[in-house]
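Read the structure below first, then the notes.
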Amino acid sequence: MSGFDKVVGSYEEAMAGLEDGMTVIAGGFGLCGIPENLIAEIKRKGTKELTIVSNNCGVDGFGLGVLLEDRQVKKMISSYVGENALFEKQLLAGELEVELTPQGTLAEKMRAGGAGIPAFYTATGYGTLVGEGKDVREFDGRKYILEESIKGDFAIVKGWKADRFGNVIYRHTAQNFNPMAATAGKITVVEVEEIVEPGELDPTQIHTPGIYVDRLIQGNFEKRIEQRTVRQA
Amino acid sequence: MSGFDKVVGSYEEAMAGLEDGMTVIAGGFGLCGIPENLIAEIKRKGTKELTIVSNNCGVDGFGLGVLLEDRQVKKMISSYVGENALFEKQLLAGELEVELTPQGTLAEKMRAGGAGIPAFYTATGYGTLVGEGKDVREFDGRKYILEESIKGDFAIVKGWKADRFGNVIYRHTAQNFNPMAATAGKITVVEVEEIVEPGELDPTQIHTPGIYVDRLIQGNFEKRIEQRTVRQA
Amino acid sequence: MALSREQMAMRVARELQDGYYVNLGIGIPTLVANYVPEGMDVMLQSENGLLGMGQFPTEEEVDADMINAGKQTVTTVTGASIFSSAESFAMIRGGHVDLTVLGAFEVDIEGNIASYMIPGKLIKGMGGAMDLVAGADNIIVLMTHASKHGDSKLLEKCTLPLTGAGCIKKVLTDLAYLEIEDGAFVLKERAPGVSVEEIVEKTAGKLIVPDEVPEMVF
Amino acid sequence: MALSREQMAMRVARELQDGYYVNLGIGIPTLVANYVPEGMDVMLQSENGLLGMGQFPTEEEVDADMINAGKQTVTTVTGASIFSSAESFAMIRGGHVDLTVLGAFEVDIEGNIASYMIPGKLIKGMGGAMDLVAGADNIIVLMTHASKHGDSKLLEKCTLPLTGAGCIKKVLTDLAYLEIEDGAFVLKERAPGVSVEEIVEKTAGKLIVPDEVPEMVF
């Protein structure tokens, strides 16, 4: 089934078509489960004026943080930022815009974007700055705000294993935002640690079905740890 | 961890607390993946005036169809009904009410009910009888209708395997509506083919995490086939 | 002569592309799977929660837990995935399915479709049809041009309750292939041996006939 | 004397019940896990997508793919499950978590909470806090009664941007355990050796003092 083979030959090919001003949805939480090499390719490519939708913005010199170095990011849509000094500097200088979005709302906005749900109501953020200017509606005596879905021109995703048809599974908590991001890109690019043949993954245990995946590539990952906490053996 | 052991000793215990007039959300599609024994227990119990939320209503003498025999059902919320004669008779006699809901909207209403989303917009049903009387709103030049979520007093679910903590996996397409139903019950009761010890299921491959499950029981299943279609070997 | 059911399926199969994810409705649309062009692969989506539906099982393979949206026992192809109905309709509603083929009672010049309910008869329900027509960009309606009584099913305005509003752009009947553009049916192809006049006569809704209307070749 | 951090965690731990699913915020709330009563089991939810968080890993066990919401490396307990962030917040938003414990800058008599932003300082974001306070029925706010400068953090009206409106009913400070009812703080318990007068003095919002205010015992 050649038509379903999503594997591309290079990172350049994986991110082909990314242009200035586009919106990119990225999986990952902190530095866990981030598409390291796809981010690096965006840096290499030098695409500018990007809107990045991601729960966090990496750290200085790693993850999405590297896109700040050449000011490639115009706007971040995130729930928690500021783990890096460059981010803070650009934000205070007005060179970077941030739209803070509650973490659960952000996850749901991505899912809704992929699922053809243009908007949904949530109690999260009602009565706060997040709710300002948004439609309020009461259901069963409680007030909710209307949140619109998010779609990206590209979605960049980090999986663990995938078959050539783009059926992806994630490893442990590196799953996080990746499955929703995968559904919400006009072009969804997935990088994984291992590509296997179709049939090797159990059909009932696929986290991201191949229908969502446009391009697939196998990479090497540093997997940097943000908070290394250990106990004595 | 005794507090997390969801296993109950009998079907009577599994459905304890079900009262006349309650809403029951049931997993299953056609006769596939239906909670056969939990349905049978509701019949045995004789609870009346029930609102049943389920994609279908079984067939004469099997599945949810058995609840029609003693007129236990006041209202069905389904996408496709009428595979049985008794249903048709009661409907035409005005003894039974039906709220037809598009299949995808029904699945999403259950998911939203479990996920704290009181309502969402969908294009499905706009401009049809389904959309009548519902709020219409335009997003990006297209019209959508507002659909409210569904919650049940009980949810009855059929799984394949579960550990004692209520972590459930489903088998093949017997998954269908079961995972959403499981999230949307005030009391969620799951029956499975096999109960295993905690730790025997891969944590990353759980379809329904135990947090949604209140009661768990192991049963025997007839698994009747609605459309037996075969090819020559 | 009017197309046979098989020819209708064959004609629709020409709209397939390699790598397409396709949802085929119950009835004639199901036959499309038999005419996938050589060297091309498509994957069938079944809305109960299956991507990569295979052929019917042998007696030995029959499994009550493996069915399609028509509740028929089926198998999976290599590389299939199985998921919840919410996930399945996220795919459908989110526009991820490349082609949807389904039947209808009526279609009109505004792209409205009626396919699930005849008032006065018992209403069985819309199943997934409303989600399918609302979610897909690329839909082909497959139906006979006229009813058994000879009434046109291509109308100025649908008379039956709608399945979806303004969502149909392509119709294949036993007489013709038509597209809906700017409030009219546009006749694109005619069945072999069927005259433009017959199609004009049997189309109740506004019909635009281009100078040239090629005949389908089988 | 004011409660120590450990005593605050111990007092909150008394609100646990066997079989509770609990979300503990960063900081003092995390310590609650150390004081789960004997013979009782709770399961910790971490909002990045983990139910059944275990202790920190040994050096050998450290795995970059296994972290908690504080981005710390962790392990899982037997019977844990791991899922997407959307599923995780479906649990939280849907009210499936039995107890949520989190810190705050301010709480007021209407149950409002401010915990994520101090204008003029850099805004790092609310993370999952807004979802947690909006989704949970049973929330305990754990904070010092007054700021370092001696200003009360239990107010008539929050001065900082809110994390959630009208969602807090229980507050444990280093001086007292209070509940919010009908637009007032109700003093339920006081820390050992802390006088009602001191609590009255350090509570800016309307405070109801019952005839009897038992002292916590540790």
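Of note:
Letters A, B, C and D name the chains as they come in the text, with residue numbers starting at 1 for each one.
Just so we're on the same page, a residue touches a chain if its C-beta (ideal position, glycine included) is under 8 Å from a C-beta of that chain, and two chains touch if they have at least 3 such contacts.
None of these values were measured; they are calculated from a predicted model.
Path length between chain C and chain D in the touching-chain graph (shortest route): 2.
Comparing the chain pairs A-D and B-D, the larger number of C-beta pairs in contact belongs to A-D.
Inter-chain centre distance (chain A to chain B, centres taken as mean C-alpha positions): 32 Å. With centres defined as mean CA coordinates, chain D is found 29 Å away from chain A. If you average the CA atoms of chain A and of chain C, the two centres end up 35 Å from each other.
Those residues of chain B in touch with two or more other chains are numbered 108, 111, 115-117, 122-123, 171-172, 175, 203-204. Of all residues in chain C, those that touch two or more other chains are 82-83, 89, 92-93, 134-135. The list of touching chain pairs reads A-B, A-C, A-D, B-C, B-D. The part of chain C that touches chain A in the complex is made up of residues 17-21, 40-43, 45, 51-52, 76, 78-83, 87, 89-97, 134-135.
If you check the complex, the residues on chain A that touch chain B are 108, 112, 115-123, 137, 139-140, 142, 144, 148, 169-172, 175, 203-205.
Of all residues in chain B, only 1-4, 111, 113-117, 163-165, 167, 183, 198-199, 203-204, 206, 209-212 touch chain D in the complex they form.
Looking at the complex, you find that chain A touches chain D at residues 29-33, 55, 78-82, 88, 91-92, 98, 100, 102-105, 107-108, 110-111, 122-130, 160, 171-180, 207, 223-233. Those residues of chain D lying in contact with chain A across their complex are 46-50, 55-60, 62-68, 70-74, 82-86, 88-89, 92-93, 112, 117, 122-131, 134-135, 161-166.
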